[in-house]
Structure formats: C-alpha cells, structure tokens
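My structure is below; once you've seen it, I'll send some questions.
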Amino acid sequence: MVTRLHDPSAHSFASDNYSGAHPEVLQAMVEANGGHVGSYGADPYTRRLDEVVRDVFGEGASIDPVLTGTGANVSALQALVPRWGAVVCAASAHVYTDEGGAPERLGGIKLLTVPTPDGKLTPELIDRQAHGWGDQQRPQPLAVTVTQSTELGTVYTPDELRAVTDHAHAHGMSVHLDGARLANAAASLGVSLRAITRDAGVDSVSLGGTKNGLVLGESVVTFTEEARAGLVFLRKMDAQLVSKMRFTSAQFLAMFEGDLWLRSATQANAMATRLAGALAVLPGVVVTQPVDANAVFVVLPAAAVEPLRATHHFYDWDRQTGEVRLMCSFDTTEEHVDRLVADLRALLG
Amino acid sequence: MVTRLHDPSAHSFASDNYSGAHPEVLQAMVEANGGHVGSYGADPYTRRLDEVVRDVFGEGASIDPVLTGTGANVSALQALVPRWGAVVCAASAHVYTDEGGAPERLGGIKLLTVPTPDGKLTPELIDRQAHGWGDQQRPQPLAVTVTQSTELGTVYTPDELRAVTDHAHAHGMSVHLDGARLANAAASLGVSLRAITRDAGVDSVSLGGTKNGLVLGESVVTFTEEARAGLVFLRKMDAQLVSKMRFTSAQFLAMFEGDLWLRSATQANAMATRLAGALAVLPGVVVTQPVDANAVFVVLPAAAVEPLRATHHFYDWDRQTGEVRLMCSFDTTEEHVDRLVADLRALLG
Amino acid sequence: MVTRLHDPSAHSFASDNYSGAHPEVLQAMVEANGGHVGSYGADPYTRRLDEVVRDVFGEGASIDPVLTGTGANVSALQALVPRWGAVVCAASAHVYTDEGGAPERLGGIKLLTVPTPDGKLTPELIDRQAHGWGDQQRPQPLAVTVTQSTELGTVYTPDELRAVTDHAHAHGMSVHLDGARLANAAASLGVSLRAITRDAGVDSVSLGGTKNGLVLGESVVTFTEEARAGLVFLRKMDAQLVSKMRFTSAQFLAMFEGDLWLRSATQANAMATRLAGALAVLPGVVVTQPVDANAVFVVLPAAAVEPLRATHHFYDWDRQTGEVRLMCSFDTTEEHVDRLVADLRALLG
Amino acid sequence: MVTRLHDPSAHSFASDNYSGAHPEVLQAMVEANGGHVGSYGADPYTRRLDEVVRDVFGEGASIDPVLTGTGANVSALQALVPRWGAVVCAASAHVYTDEGGAPERLGGIKLLTVPTPDGKLTPELIDRQAHGWGDQQRPQPLAVTVTQSTELGTVYTPDELRAVTDHAHAHGMSVHLDGARLANAAASLGVSLRAITRDAGVDSVSLGGTKNGLVLGESVVTFTEEARAGLVFLRKMDAQLVSKMRFTSAQFLAMFEGDLWLRSATQANAMATRLAGALAVLPGVVVTQPVDANAVFVVLPAAAVEPLRATHHFYDWDRQTGEVRLMCSFDTTEEHVDRLVADLRALLG
C-alpha cells in the first residue's frame, strides 16, 4: 500500500493546482472502476457526459475530453482555423506565455498578440492585429481567443464577450474561449456557464476541470459542427486521447453533479474577495487588478514579501514592480485567508 | 454523487485498456489527496517515485511522467534525435500505425519502417533502413525503436535486445523501447524490468502504466543524460505535463509497491497462455504468433467469429486472413477464458 | 566577371538535373531583367503566365510558382487536405522516399504507402490504405498522390489516371499529381498536358520545370477553388515565395513558348528509348521496367558497372539486384547514347 | 522567344526587390550553363564559392546556398537551437512579422520578442526575454537573432554587435544575424563583411543576395561546426535544397567578384542618403529614423502621400502616424531621387 507522504493540512496561495481533488471527484472514479467498458470514449460515462453537456450548454453542444489545458487549447484552435490561420490573443494570454510554445510548435498556429491593461480584449484591441486578410505574406487572422476568467483575475461580462464575438464574426473570425477558470467567471457573474459561452457567441471552449477540483480533466466544448470539424482526429494527433476515458468523464460528471463546479468556484472566489478586502486596507499594500474571480494581484511592502512567502507561498508576477499573485482554491478557507492577513499585519508591525 | 453506470462484472478480450484500474492504484490516489503540494512535479510523491525508479533501474535512471503512450513515445524520441533525425521501427510498430501520425506531425520525426514476421527487429532488419548517413537528402537514421512486448504479442529475449542495441550503438544510433507492455515481457521472461531495458543496452523507455492497471499514467524512463536532454521542455511543448502530478506519481508508486506490476502482468500472461492452449486444439483454429505475453493472435473458423465476438469482444487484426486478436488484462480470470473456450466449442458444434 | 569553371561538353546519365538550362530559358530571364516591377508575383510576366496556363489547362486553372519540387508537393498537399488528413502514395514515390521527411515534418502530412510493381497506383492498390474514415485513431485518408511519369520511368495512360481519380473521388479523396516529369509523360503518350491532368480528373499538380530545362522553377497548378484554398499563404509559410518572381515566371513562359517543353521532353524520351533498345540486346543486360519516359532501369553485368559508371555516371537503384538507373536529359544526344553502348559493349568483350 | 513585357526604365521606391538583377549576375549564370555537372552542390561553382567564402570570412567559414530569406532564417535557427529552444528577437524583426509564421510553424521555433525604438537589440533589451533557463514551462532562450541592417534602416556598429554577442554567449545563447541587407550595413560602416559578423562574435548568418542584385539567391554562412550541425539535412527538410545549384553559386560568385556587392550596396545607400537629405529640409516632412543604409523612413504631409505614391511607389509603414518607407536599390540613380524630390516639392506648392 502506498502511504501518505504529505501533510493534508498544508495550504498555499501559489496556484489553484496546488490543491488536490474534491472528494466527490475521487469517489466518482471509484464508482466508475471495475469490469470492462469500451475505451477511447465508447463507455457509458462518456455517453452520459454528452447528455449532461447538452443539458448545460443546449442542444448541439459537444464535449471531447482531453488531458491538459495546453492540449485543449491547441486542439480547439487547430479545429477552428486552417493551416494558414492565425489567432489573435491578449499578450498576457496563457496560450502565448505559458504553454512552452505548444500552440506554435505542436499546433502550427501563429499567435498575434495585443497588449491589454487587464487581460481583456475589446473590438478596438482586436483590430490592432485583425487585418491583412488576403495578404499572402501575413498569417491570416481567422480566430480570436479570449480567457475567462483572465490570467489577471478579471472577468468579461456577457456584454463584453458579445461585443468581442460580434466583432470577430463580422470579420469572418471564429471565437475560442480558454475556460481553465470558466467556473470562477460564471460564479463571479452569477450566471450560467452557457451565458458566458454559447449565448455570448463563443464557438469553442477549453473547459477546464483541474483548477476546479478534478484530479486531471480538461475538455473541448463546441457549439457548431464547424468548430468541431476534425477535432477527434486532432485530439489523437496531439496526444490528448485518453484510453480509459471513463475515469475522465466520471470526474466531469462529478463536477456537474449537484453543481459542484459552482460550489467550488464560489468558495475560491469568496476567499479571494475576503483576502483582497483585508489586504487593501493595510498600509503600503496596493491591489492592482479588480478581484473578479479567485486571484488577487497585489504589491506588498518589499520587506514583507519573503517572510510572508515562506509560510503562505505565492508567485511573483512582476519583479520590477514587486507585484505578486495570490490564488485561492476550492479548499481555501477563511482561516487560511485570515492567517495570511494576520501574518502580514504582524510583519508590517 | 455520481452513480455507477456500467456492469462491473463485464469482461472483454478487446484490449487491455477496456479494464479499469487496480483497486490499490485508486487507493494510492486517495492517499495522495488532500491539502496542497507543489504542482508540475514538485511534490513528495514524484520525489519518492524518483527514488523508486533508481531502485528498480539503478543509479542514474530518471522518470518523467507523461499522459499518453503516444506522448511518451513522441517526447522520448524527440529527446533522442535532433530535428534531422529519423527513427527505424518495425512496420507493425504502434508508433507508426496507431498514433494518428503524431510522431511525424507533432514530433517532426520521420519513421523508417521495416516489415517483420513477428514484430521484432534484428540487426539485419535494421540494416534495411539504417544507411545513408551524411546523405543530405535522406532523413538521418539516428535511433531505433523497439516494442517490448510487441504489437504481435511476442517478446524479445535479453540477448535479442542486446544484439539490437549493440548493432544500433555501433552505428551511432540510440535505442528507444516502447514499453506500453514492458511488465508483460518481464513477467514472461522471468527477469527484472532492468534486465530488458538498461542492462540490455536500451537508452530510453516509454514505461506504460495504463495497460498494467493504472487509471492513467505513462512515463519516460531514461538512463543517460543524453537520452534525457531537453525532455522536460519537450514534455511541456507536447502537452504532456500534468499539473497535479502527485496523482500520476502515486499511481506509479502503487504499481511498484509490492510488485503489483508483476502480479498484474503475470495474471494477464497466464490467462493468454491458458487461452491459446485451449484454442490450439480446437478444429479449424490456428494460433498465428507465439504467445509470449498477454495477447493471442488466432484465425477462427469464419462462421464462429461474429457470434463469439458478440459475447466476448475482440478486434480483427487482418480482415483478409480472418486473424483476430484476443487480449487478456490484469483482471481476466480463468472463468473468463474458459467461458470463451466453451462458447467457441459450442459454436463449432 | 565570373569565368567558366566546367566543361560544357560533359554529359552524364546520373540525373536530369545534371543538365543545365535550355538557352531559350536563360534568354527569357535576360528579357525579363532591367527596371522595376512588382515583387511576389505582381509583375507582367506572372500575369502573362496566368493567361498561358489558362490556355494550356483551360479556364479556371491557376499557377502558383514555387521554388523546389519538395516545396510544390508539400504546399499542394497541405492545400488539399486539412490538418488531420493523410495522403495515399506509392511506396516508391519521391514524396515519401526522397524529400528528407519534408511532407511529414514541414507539411504535417501523414503518408500512407502502398508497394507497387511499377510505381503506379490502381484503385485496388489505393484500397489497401484508403479505409478507416471516421476512426479517430487513424490519420484520415483524404487525398491520393500519383507521380507522372513515375520514379520508375513508367507512365499512366489517361484511362489509368481516370480510374484512379474516379475511385478517389468516389471515396471523397482529392487527387494530386507530382508532375516533376509531366512533360515526359505527355510527350510519351502523345497527348496534351491537360489530357493527363485536368481532363483525367486530377485536382492539383506539381508542375516541374527544372528537370525539363529550367534553371530553377516549379509550380502548383490547380483546377478548382478548393484545391487552391490557402495555397498562397501556405507557399509563404513553406518558404516557397520568391520575391523577384518575374524571373521564375519568365522561365515558365519560355517553357510553354513554341512548345519548348515538348521538344525537350521528346528528345529526352527518344534517347531513353534508343538507349534501352541498344542495351536490351546485349548479353547479361536486363531492362527491368517499361521505358515509357526518359529513364532506363537496367541490371548490368557486375564487372561492367564501375568502369562504365566512371565515364558515364549513373546511380544505383537497388544494390541487392545490381539495378541501376540511367536518365536522359533534354540535351542528351544520340552520340552520348551510342558512346555509352559502345563502351559497354567493349567492356563485355 | 519570350518577349519583354515591362518597361525597363521604370523605377520604384517600394522595395529593393522590385529591381531586377545586376547584368554581371545574369552573365555569370550564362557562363555556368551548358553541359552536365553534379547537382545539389557537387559542382565546380559551389566548390569555388566555398573557397571565396573562406577568403571573405576566414578559415572555417562555410556557405550553404538556399532559396529564400525565410528559408535561410528558419534553417539557420533550427541548426542553432534544439527543438526546445526559443530565439530572442526585436519585435520589428522580419523573422517575426513578415515570414508568414514560417519560423514557428515550419521551424518549430518560439520567438521571444522585445520592442525596440530603432530595430536594434542591446544587452538590456535582450534581458527582457533572456531568462527562465531550466524552467520546464518556458521555451528555453538559446539564441538571439539580430538584423543588419535592420528593418528600420539602422545599422549596428561592430561594437554594438560585440556587446550583443558577448552578452548572449555569456548566457549560453548563440547569435544569428539576418543579413538580407548585410552588404548595405558593411558599405555604410566602411568595414568588411567579416568585421560585422564573425569578428563581432556572430555564429551564423543569413547572407542575402536577392536584395543586393541577384536573381534569386540566399544562403546560410556559419563560422563553427556547432552552428552548422545538421544544416544540410535541415535545408532539404525545409525545401530549400536547389538541384541545379551551379546557378545559385554562380550568382554569389558574381556578387563577390570585383566587390560587386560593395558597389551595389554603396550606390543604394548613397541614394538613400541623398534622398533623406533632400526630404529633411522640406516643410512638414520628418525623417523618423537614422538613414544608415538604403531605407528612408519619413512622415510626409498627408495631402502629398497619394499623388507621390502614384508615380514613385512606396509602402506605408505606420498608417496611424503616416510614416512611409522609401527603399533604394542598386540601380536607383540620382535622377530617380531628384525626380521624387522635385515632384514632392511641387505637391507641397
């Protein structure tokens, strides 16, 4: 028997993937175990997931489970644009900055980046890269990808998303949404997952599970046949096809069951709000981005950074300004937050 | 709560990924859950796995968990050969026939194939493609990949492997081993995992877990710094880096703990041997390959194929000859085997 | 001034790219020189070439000049099939054996090969690889590529081509033709270039110029909008877009002017026929393939090979059987042929 | 015979590839024509070019001719960095903005961009992207590429280059130089080609010929075995290997013969200087970049732009500011310059 090697009471503000899995998720995997079922998706859990996804996103929606967020983004974008297509994104987008060049190298997709103040694209920002159609020397901008919630912890309203998708579609561009933290955005806005994807005009979504309490589960959710064209072949080609898919699908079923996704995201968001509120009133502390979801971006007094980091763990965001990122997870509690705030207050004297 | 949607008593001879996970594997994941640990491999389970792998394969061995067998093969081969390298493989190799073109398209690796009678390469067979070094118009053959056990259920002896690796190294080629079913080969030969990899001169191994009873776990095991050069970067670029790696590592720990890998493989192999033995004496049945591991290749009387398949599930291997493949899993029992044989006997009258 | 460094009377049977350029081709480049014109195809020579190609291949035909045969094949195939497409070809096809892995690595195209006796595909041969549509683990066979004349010096009749294209289209596959030596095939058959491409149902052609007497000029000729979709963007992405395109287009204009292509190909073919006829009657000499175009495949008495090669230059084709390849060029003369035959006769005693 | 279809007295300031070829270049091709020589570089012109390049750049220098500037950059960078390498470049670099995504998609190279005021990198600017070595989620910065002269018409001094190469080497990064207009830089500085490449610490150069008066000729010049490792295989794989290489090599021989490269570049530069000087004194005209080479960047009075463009042809550089680019070629004359200035003066009243 494998024995526990870690302290299950440890907590960190480093990332929402430092947390483990929600117990209901592991329980679902245990239920799905035993006996033989078809592999590569030909199993009753994956079939049930198809139904659930149609319930959540409406008729015509499809889900194709994959293995990593990078894989979801690459396969989804490859399905959206032909070989000569390029994709407009924010310069801060995960797909551009944090995926080891996979979109370009694995996916063959040129990313056209736009600097943004808050991680959010607008029609005006998109236009800085959305031009040159027909110019044989320019990678053709044929899609836009947005992140919801963004890498900066901000959230697009449904109207902001609609402005982006209307603008993109008017120029013949599809719209992909990187939803590694889609649940946090929906919880923050108090709307359904559908309201900020399909109903806002999005064509294709990387729907994340891992940061919302799964062991390991990402997926591509598409709303049109065009957005899904070739996707299952691309998934295999991109090394994202899992053989015992029943276990991935069972995790997603757990996530949708009893709105676990919403409970988890609501908790993480609430803790971020509590944290930001307590930090903002401390001397020398500046919260630098709106706290729409489960991330707090903040500049701390320099002397306090390393002592605080030693206990509570967090990442630098901008070494020049001293900005750090504090992430809350589904299992972050008021006690975790309050302890950090108390420790910082003590450090500040 | 997610409810069970399948019959846990169902069995199939279709593939060793139709089976679920060994209960000890799921239990290990439960142990690894709770609290926060570092992501992307900075956790105590992955550190412990490093130690275990050095115990199993000797000092200097390294393990890098990935997500799919395709991913393991692509990343391992990319690390072994530069951009201009090509890889010699059997024409029946999974990497050539069953990975959706991922090695070529995701990995940028030209595969140079050789037909074989039994899925096994030899120095003579390798030489059919291992030539043309320095010829600027030929992809440079800089590695050989073998499969152990092979796609045809055969197993290389340590001496056969050594002949291949000596030959390859003498020509400046590295040797990769696709070990999706390495455990079955070791169990069949009654030797250690090390004896048919590192000690046989292999440089790099795709060590499979999923077909041996994991939920989802593959890895690249390397024995030299050269074979591992760049591997962690390639893993990310190939969308194979899992964030909550503790769960993958815990599964592998379970596999090594108490020699679970050997118990599982031995059972699967024994069932294949039992099955082949019983089939071989039936009229009109021809076992077409040596049954070294957990696969039985067999030509059945035509009239019996579809009725038998309806109950026991298996895949066609060669539609022209009527050859089918019957795979045994860690949880295949004597009862499963005997029932198939009885059903076939009844069909044959 | 650059001085001549070679012997302009030297001749070789090694390849039809050992020859230089037809003087009319160089003269066309001189005519196109001087002053400024638009680059990247916006010049009067490229516009005129568009007209000429419509004259030759009919309304709706388009030509896009590129730089190498490999580049032509890769760009043409990328335009024909989406990212998940695979292409069926003969195992002897240049695109599979002689392009450094460029189709797979540069183009991301999985090639599905079929052994053939004479380099020519048939519907039956195509069917060995044309299956598995919808199977998510199989690269999808969405195109067929044939070579005309083939790497073995054989030529498809229009009816043979039509059988291939009808079969491919019936299965939803497009057809590409690698026409590095298309002129030789047309000259051999006594038909137009159109008769063995567009009129035979081909969708897209790599139309070669270099082996027919150009300095450097290849192109993709397409007959439908679908076959040309994205081609100009792919050409740039594949590093095949020449800036001073006037010079490439002028060469192709010279090739079409006064049917220079036909004169050159007819001469090369006639010399191959003369050569094969004279060789076939010599003792111990076996001509191994039909001599339909400008190549002669032949097994020579072993003792004669190296002495003959020293003077006349040629490549081994199959070292095991002793088969060699003798290529004739547009500037091969009866004297060149007769001298080789005389030398061989002398060597044979 | 192909007849002339253009006006050889036409001139344009649009690009230095609107010009044709220098007559000495075409004459060299005529000299190299006739008879048979080895293909793919096994010819006396390519051998002679090897010698000339060693004369120009010193012992150990090698030249490998390719077909396009994009191809030169991609192959050179692929040889410099392994699959997991990334390359730091200016955000304005041709390799990033103007090559259709070829470096990323054909080359599999992640480009890490830095905004610059004048197209030139410095150690400080490089450091904005040169970090994160060993971080498995970051493409590894293993090379820097600079452009000389830059896309903005500016030129690095030898000392500026040395600062870049020393800094890069100190961090284990190689240095590539995109020398599509290297001749213009050397002519501007009054130094040898070697002084601003090898002697300044550069490892590998894309040496351009086309913009300096060749018909079609680019190349990769390397100074170490490491920088050339695999280059000839990559050249083929990137569809950059020309069969009748004698014609490409002969053009480069013409370029070096009698310092034609210097005569051509000096003329182009002088015309740019003359043009900038005359423009700078006109009312409402602002020259926006130092005129170090053959390009003039200038903001013109808005009303004058379109009438002037109709006769003299030039490209917009920044539509928001009204900045346009005027390029001079080897065959731009004082009369061409003076006519533009006179026309502008007339337009300004």
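The chains carry the letters A, B, C and D, assigned in the order they are written, with residues numbered from 1 in each.
We take it that contacts are C-beta pairs under 8 Å (C-beta built on N, C-alpha and C of every residue); 3 or more make two chains touch, one makes a residue touch a chain.
This structure is a prediction, so every number in the text was calculated from the model and none was measured.
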Study note, to complete from the structure: Via touching chains, subunit B connects to subunit C in a minimum step count of 1
**Study point:** Proportion of interface numbers common to subunit A and subunit B (over half same, under half different)
**Key:** same
Exercise for review: Please compute the C-alpha centroid of subunit A, do the same for subunit B, then give the distance between them in whole Å.
Suggested key: 33
Revision key, fill the gap. Expressed in whole Å, how far the mean CA point of subunit A lies from that of subunit C is 50
Check your understanding: Centre to centre, by mean C-alpha position, how many angstrom separate subunit A and subunit D?
Key -> 42
Review point. So which bits of subunit D are touching at least two other chains?
Key: 40, 83-84, 99-101, 105, 108, 136-137, 139, 233, 236-237, 241
Study note, to complete from the structure: Residue set of subunit D touching subunit C in the complex reads 1-12, 14-15, 17-21, 23-24, 26-40, 43-45, 48, 67-71, 74, 99-102, 105-106, 210-211, 215-216, 233, 236-244, 246-248, 250, 253-254, 257-258, 313, 329
Check your understanding: subunit A touches which residues of subunit D in the complex?
Key -> 83-84, 86, 98-101, 104-105, 108-110, 136-139
Revision key, fill the gap. In their shared complex, subunit C is touched by residues of subunit A numbered 40-41, 78, 82-84, 108, 136-137, 139-140, 229-230, 232-237, 241
